[in-house]
Amino acid sequence: MLESIWVIPAVTFASFWLILFFGKRLPKHGAEIGIAALGIAFVLSCVAVVEWNARPADEVVEAGHETGALEEGHGGAEVDDEGHALGEVQTLALESAVEAEGGEGEHEAEPIRSAVERNLTWFSFGGVDVTVGTAVDGLTVVLLFTVALISLLVHVFSTNYMHGDVRFTYFFAALSLFTTGMLLLVVSSSLLQALFGWELMALCSFMLIGHWWEKKPNSDAAMKAFLTTRTGDIGLLVGIVIMFFAAGQTFDIAAINEAALSGAMAETALVAGAAALFIGVIGKSAQFPLHTWLPDAMAGPTPVSALIHAATMVVAGVYLVARLYGVFWEAFDIGAGGVNPIALIGGITILIAAALAFVQTDIKKVLAYSTVSQLGYMVMALGVGAWTAAIFHLFTHAFFKGLLFLGAGSVSHAVHSFEMKDDMGGLRKFMPVTYTTFMIGSLALAGLFPFAGFWSKDEILLGAAENGYRLFEVVGIVGAFMTAAYMTRCVYLTFFGRYRGHGHPHESPPAITVPLIVLAVFSVGAGFLNFPGFERFFELTENRVFLLAGVEHHSFEVFPAVVSSAVVLAGLAFGGMLFFARHLPRGVTARSGAARAGYSFLVNKYYLDHLYTGVVIGSIKGGIARAAYWINQKVIDGVVNGVGIASKRTGSWVYRHIDQQVVDGAVNGAGFGAEGFGGILRTIQTGRVQQYGALLFGASAVLALTLVIFI
Amino acid sequence: MDGLDDIALTAAVFLPLVGAAAMMLTPREHDTGHKVIALLTTLVTLAVGVYLLVGFDYGRADVLQFDVNTSWIDVINSRYILGVDGISLPLLLLSMFVCVLVVIYSWNHFPEPHNPKAFLILILVLETGMNGTFVAQDLILFFVFFEVVLLPMYFMIGVWGGEQRQYAAIKFFLFTLFGSALMILSFLALFFQGGQTFAIADLVAVASDNIPRSSQLLIFGGLFMGFAIKVPMFPFHTWLPDAHTQAPTQGSVILAAILLKLGTYGFVRIAIPILPEAAMAWAPWIGGLAVIGIIYGALGCLAQSDMKRLIAFSSVAHMGYVMLGIATLTEFGINAAVFGMVAHGLITGMLFFVAGSVKDRFHTLELSRLGGLLLQSPRMGWILGFCAMASLGLPGLAGFWGEFPAILAAYNPAEGLSEVLFRTYMVVAAVGTVFAAGYLLWMFQRTAFGTPREEFAQARIPGMHWPEYVAWTPMLILIVVLGLFPGLLFGLTTDAVGGAVAALGGGS
Amino acid sequence: MPAVFDAPGIDYHAFAPEIVLVTTLVLLLFVDLVFEERGRWASSTVAGIGLLAAVVPVLTLAVDGADRSLFAGAYAVDNFALVLKALFLVAGYVTVLISTDYVAEGDYYEGEYYFMLVSSLLGMTVMASARDLVSIFVALELLSIPAYLLAGWRKRDLRGNEASLKYYLLGVFASAVMLYGMSLVFGVSGSTLLSDVGEALSRGAESQPLITVGIVFIVVGFAFKVSAVPFHTWAPDTYQGAPTPITAFLSVASKAAGFVALVQLVFIGFLGREDVWAPMFWVLTALTMTVGNLIALRQTNVVRLLAYSSVAQAGFMLAPFAVAADIPADRGGVGAATGALVTYLLIYAGMNLGAFAVVMAVARRTRSAEIDAFRGLFGYAPALAVLMVIFVFALAGIPPLAGWYAKLVVFKTLLDAGSVAAVTLAVVAAVNSVIALFYYASVARAMVMESPADAGSGRVRVPASLGAALGICALATLAFGAFPGLIAELGDLALLGVLP
Amino acid sequence: MLVNQFLILGAVLFCIGVYGVLARRNGVLVLMSIELILNAVNINLVALGSLQGPEAAVAGQVFTLFVVTIAAAEVGVGLAIVLLIYRNRASVDLDEVDLMKG
């Protein structure tokens, strides 16, 4: 399976065409094809995971930069089969080698599984063979699993959610293609090929966000998404080009990582390339300041949002950084600690996005900003060298964010709106399943023990702390606090209080609830994959690159975990206080434990309450967040849109004044000039024969004279 | 099959004329008769092209094949030399291919004043000119074919065009003629300084050694004018939007798909191999104009209110990428350029086809009046979207391979060219891709998305007719196929380009 | 000392073409005399046959190939002479063809018409062989005087009179000036034989002013004939006023005769003195092309437009003279220039006659030569329109129509010389060829892209002879365009024979 | 020495003739002025011819004869044309003959 991993994207791609051509004629209008395809893809990915898990560690990598000694060890490992035994042998051999070099004592060689590569020449051009192929390692299989699962559930969900839509069939085709894009990106062994998946997703996001294109706002949102990410792609293109040459004319990702780590790349090229690539990441993963397209992307159908946010599109950026970690590690010297662009961007994103999530009234917008903020976590994690943590968070986040979006979908399915303030409230009575699952998702997102989010977030904070990024640890903690708070608000507005909408909301049918339940299970369980002592996830994803780079993996520690949990609880309490406590007279306390906690907290420390409400709330809820939002909409978004408008204006100006008048004018002018001159010359032709004669003789006389004089 | 090989190219070039002659003898009334003759002629010509494709020895793509070499004008030692190599073959086929489709499309799309006879005859004459240009291996012969296309296109625009047709037609004519006047001067200068021969191969061999650098620069300047106007490069582009906008659909398609390529082909086939030194000296300027063209064309697009004019300006931008690739003087760059030519031919050709059909249905191309095409003619709408995506260089479609490799090549141009400068060009070009996305999607949104304007809300818009299906499907398929398997084309060009670049003393 | 008179031996074969022409003249007189009115049809036929008959000896002489020289070199029959004679005769024949119906339908004297035409042609054929100041002068007058009369053939038409008068006065004035120049040159060299003149002039450093003035005046005399700016002023008016066939005749044959004379005078007589004529021709060339083209831009009458276009074309034909001296001998020297000129003349004859033929055909219906009269021609007479398109774009020099090759050889000559002056001239010529396109295209535009001025447009009836003329011209234009080799050979052959 | 005087005479005649051609309005007088130019030519031919020795002298005189003869023919034609003009517009004023211009 690992060798022929290409089958997985192939399946979904096939389903795209099948749906496109035959979908309409089928009883379920093509949905069945999509689901079947994704089902197959999911099963295959599971197989892949299992196989990878079963794969013996056949390669020995000595952590740290000196790769000289390990090369022959590595070479030896290839021929031999029985990985573990060999691993130890190598270890011994290497320790001696290490001692010989001295100094690098603290790293020890580790046996790991080598990636399964399969390449064939795509085309050769300018004397370079461009290969196309697949490379499978832990990272790949994890993502395959996640993407396939989420996408499958989204498909199932959509069968009901999109039922009766004008372009139902077409919607499923697009979903399949979207998934294909992500899968292709994940399995690619070469950057060029990855670019295909990358842009394929851009295309599909355009199609899906603009799914209801009859309304201009939707198509605007679609264009905004496409253009913003495309802007990032400037960086990506340039970055790929630079990498191509810096790594000796190859697009192969492994080769590029090697080149970067072995110091074969020129420093400038490396930094420039990495920076350029990271711009691409900023665009795709909606990092500050190119994040503004993501909330607008909510114009698309909810399942699409779920897919985009949970499993595809936005995580592509994070994946790219993880994939090319060698490059970024070297370029930004991540090992050194302190501050670096990636961590910085990530950090900023966490905070601004979280702040923005406070003031949204559209439930999807809240989730959208929370996604941005969570992506911030992942990017920051990569920035602080917590590679495993980043991937782990990507993994867990996929489940609970998918869950939350589908939950939101389920809610809107019931109330036909996304407005929490106007059309929701008190829904937990009407839709228990949705309510429960949504709660689980929220808590997971907030990172409360023992939900999945807790483990991954904790690992990130830990990594930041251990690798000398204290600042970002703090950022992370603050972020955690805010997350907890705004999620509480969201949950409250949706499910508590009295129902403010119209009609009678009802629980959604199984097609919708089942996916919710599945995801809920994962949101609870996924975290235990890195349970202290039993770190399957780490072992699974451990790969050559970050070992070479000497990335540290830090396993669970109690104290930070307690701290962060405390912060989260504080956040929840704070949120509860804001939203539940206010309804004290109507006796919320009776209904909600969380509220009771918050309430008692309030009663006991009333003056604090005054302080909070007056200052903290006022500032956060009222001031800072709104300010942030204002800045976001007016300044950053304004810039993004402004660029569009500006360039359009420039266009028309240049066209009207330069092109039509100067450039073209010159040409036409010459024409008229010639004619005018002709007109003047015509006056020679007076029609008087003797003037002709005079001209004749005069001319000859002049000619004769000049020549006589000058010769 | 030696005999056949010898006449193959001659047939490829002159069969259309035979068809045209046949049509001249057919009385004007027999519309279908004319259509059939034209179609058969183009098909037979294409068959010859296929024969060439099959018989072509891909191992030796860098040498001329099917070559013919007989005396023509002994007095000036200009000979009738034809031949195809990896660079000309794809373009030759493109030209044959597009002509067939154009004839098919014409089946029920004759612009006013109808007169299929004259219209189709012009197309056939055009085909002769275009095919000839791509296979001519003698400067004078090249020049003749290069010019043969002018008259038919002049009349096609001037007779079957839009309101401004006469202005557009004469503008096109004068611009190109100006360029070719200087071009022929350069050809003659090459003749005298390059050893009294017009044969391109011989000139490639001797010219660069015999000709002093100073006059090389001048001669290249002349060639540059000739080709750059045809491409067209900024600032010689102003004939293009008028010509495209005013020309009938078929005219625009041929213009975009093939005529523009004559210029770029001229650079690759003649200017650079014969005068490598001068090319080196000129390359920075060419590259500069190319990237200016990319941005400038994009800005021009954003300013347009007319769909067709927008597409026309997009050609300026896209040819900018082609020229940038050429300007790098590297194998990467020139391969990219050739691919770019073909890709742009297919994609922009398609865009013009669609624009034409839209005009047929709505009798306007004003973006402000269009909208909701997806509702009224979904298939056409999606095809338009597809072409827009292809045109903005979406990976997996042909356009990408004209764009990305050009950017790639600009990162390290041939030795002797300033890396800093070209890397700047690279970034600008990369920015251009966003602009491209911008105007194309904007155009697509305006025309296809939303709901129809009230003036057309009730109008019954006919779906696509069979000629449209027949004419478009092959192009669409080719766009995808080339996008997924660029090797098909790169495999042809890469050796030939290698040969051409070798003249530069090794590029990349 | 008394010179002993010994009768020169006459080579009748060499004279055959002229003899045939003279016979034709006599026949014409006879025909006109014998069957007055009934002979209307006859005279044109006689003239036509006579001209074709005169081609035969030209061919035999060509086959024979030897250069012949009579009267101590005053009269030479070499390839140059033969090619040109052939050109004159064929051009004359085409003129007869296009005249036939035109003259027959107007109530003009026919016998005299053809008589004049043929005698003018006789003058031209003589001119082709004249290598002596006197014979050149005689030939010039012989071809001019009938032309003056032909120009005013439409006696009652004021424009006709005016055309004739202007042509006559200026022509005579110009030839008077030329004669004065000849007298000076003769004075310096003491011989009328061009070859002697050549030696004498290249020797005679003293009396430089006389030589200069002499050369200038002589060149002016013929610059007038070829309507080079600023001696072109008569051409438009005369062309417009004269009967269209005569206009065609003047613009092709008579112009060619002028160039023939120039070739002989400049390349034999003044060979040593390029310091005088090279700059002069440079100026004339540049002026002629540019002014001709620019004024042509503003014309609304097709005949007048063609008149100016022929002025501009003359500029191209003058170009070889401007640079002939710079062409290295190993590349043919002045021979190359001659070749280019002859090639141009041959091609130009075909396309220009054709253009005028179409004008006549159209005028038969519209009774006008204004451009507006041509509007929508493609609508009701597609064949004529296509032919006109072919001719005008051939004149513009668009491949694959013959004109391109004519332009090419001129460019080639210019770059062959390679001097700065030459290259500059080449660029000027290039720009001019673009300007020229504009007005040529305007004719095509009117015919093809615009709708007829008057709605009811019946077909145009093209009489047989006119059709034949059109056919010949079109064939030549297309064939020479596709296979310029044919014409190029001739042009290349047409070198001045070695002189005793 | 002697020759120069003939030359000058010729030149003078030539100039007078040219003046006449350009200045006189009457067609007939213009024709006569042209005759003057031709006579200037004749004088030159004869004088310069004799200067260059007997051969040239003969040649010059022969040339002169040709000029004289042809001049006669020219004038004949010229008068015919002027007459024609007179018939049609009852005037021989050349300035009135300007239907065609530009």
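In order of appearance the chains are A, B, C and D, and numbering begins at 1 in each one.
The rule is short, and it goes like this: a residue touches a chain if its C-beta (ideal position, glycine included) is under 8 Å from a C-beta of that chain, and two chains touch if they have at least 3 such contacts.
Everything numeric in this text was worked out from a predicted model, so none of it was measured.
Trainee: In this assembly, which chains make contact with chain A and also with chain B?
Mentor: Chains in contact with chain A as well as chain B: C.
Trainee: If you tally the C-beta contacts, which comes out ahead, A-C or C-D?
Mentor: C-D
Trainee: By CA centroids, point me to the most central chain in this structure.
Mentor: Looking at where each chain's C-alpha mean falls, the closest to the middle is B.
Trainee: List the centre-to-centre spacing of chain A and chain C in whole Å, with centres computed as mean CA coordinates.
Mentor: Roughly 80 Å separates the two chain centres.
Trainee: I'd like the Å distance between the centres of chain C and chain D, where a centre is the mean of that chain's Cα atoms.
Mentor: Chain centroid spacing, chain C to chain D, equals 26 Å.
Trainee: With chain centres taken as the means of their Cα atoms, state the distance from chain B to chain D in Å.
Mentor: 65
Trainee: Counting only Cα atoms for the centres, state how far chain B is from chain C in Å.
Mentor: 43
Trainee: Note the residues in chain A that touch 2 or more other chains, in rising order.
Mentor: Answer for chain A, listing residues that touch two or more other chains: 671, 682, 685, 687, 689, 693, 697.
Trainee: Two or more other chains in contact with one residue: find those residues in chain D.
Mentor: Residues 21, 30, 94, 97-102.
Trainee: Where in chain B do residues touch two or more of the other chains?
Mentor: 174
Trainee: Can you work out from the touch definition every pair of chains that touches here?
Mentor: Those chain pairs satisfying the definition are A-B, A-C, A-D, B-C, C-D.
Trainee: Help me check something: in the complex, which residues belonging to chain C touch chain B?
Mentor: On the chain C side, the touching residues are 339, 382, 389, 393, 398-400, 404-405, 408-409, 411-412, 415-416, 418, 426-427, 430-431, 433-434, 437-438, 441, 444-445, 448-449, 483-485, 488-489, 491-492.
Trainee: Spell out the part of chain A that touches chain B in their complex, as residue ranges.
Mentor: Going through chain A, the ones touching chain B are 122-127, 195-196, 198-200, 202-203, 206, 210, 213-214, 216, 219-220, 223, 226-227, 230-231, 233-234, 237-238, 241-242, 244-245, 644, 647-648, 650-656, 659, 663-664, 667, 671.
Trainee: If we count contacts the way the header does, which residues on chain D are in touch with chain C in the complex?
Mentor: Residues 7, 10, 14, 17, 21, 27, 30, 34, 37-38, 40-41, 44-45, 47-49, 51-56, 58-60, 62-63, 66-67, 70, 73-74, 77-78, 80-82, 84-85, 88-89, 94, 97-102 of chain D touch chain C in their complex.
Trainee: Given the complex with chain D, which residues does chain A contribute to the contact?
Mentor: 682-683, 685-690, 693-694, 697
Trainee: Write out the stretch or stretches of chain A touching chain C in their complex.
Mentor: 671, 674-675, 677-679, 681-682, 684-685, 687, 689, 692-693, 695-697, 699-700, 703-704, 707-708, 711
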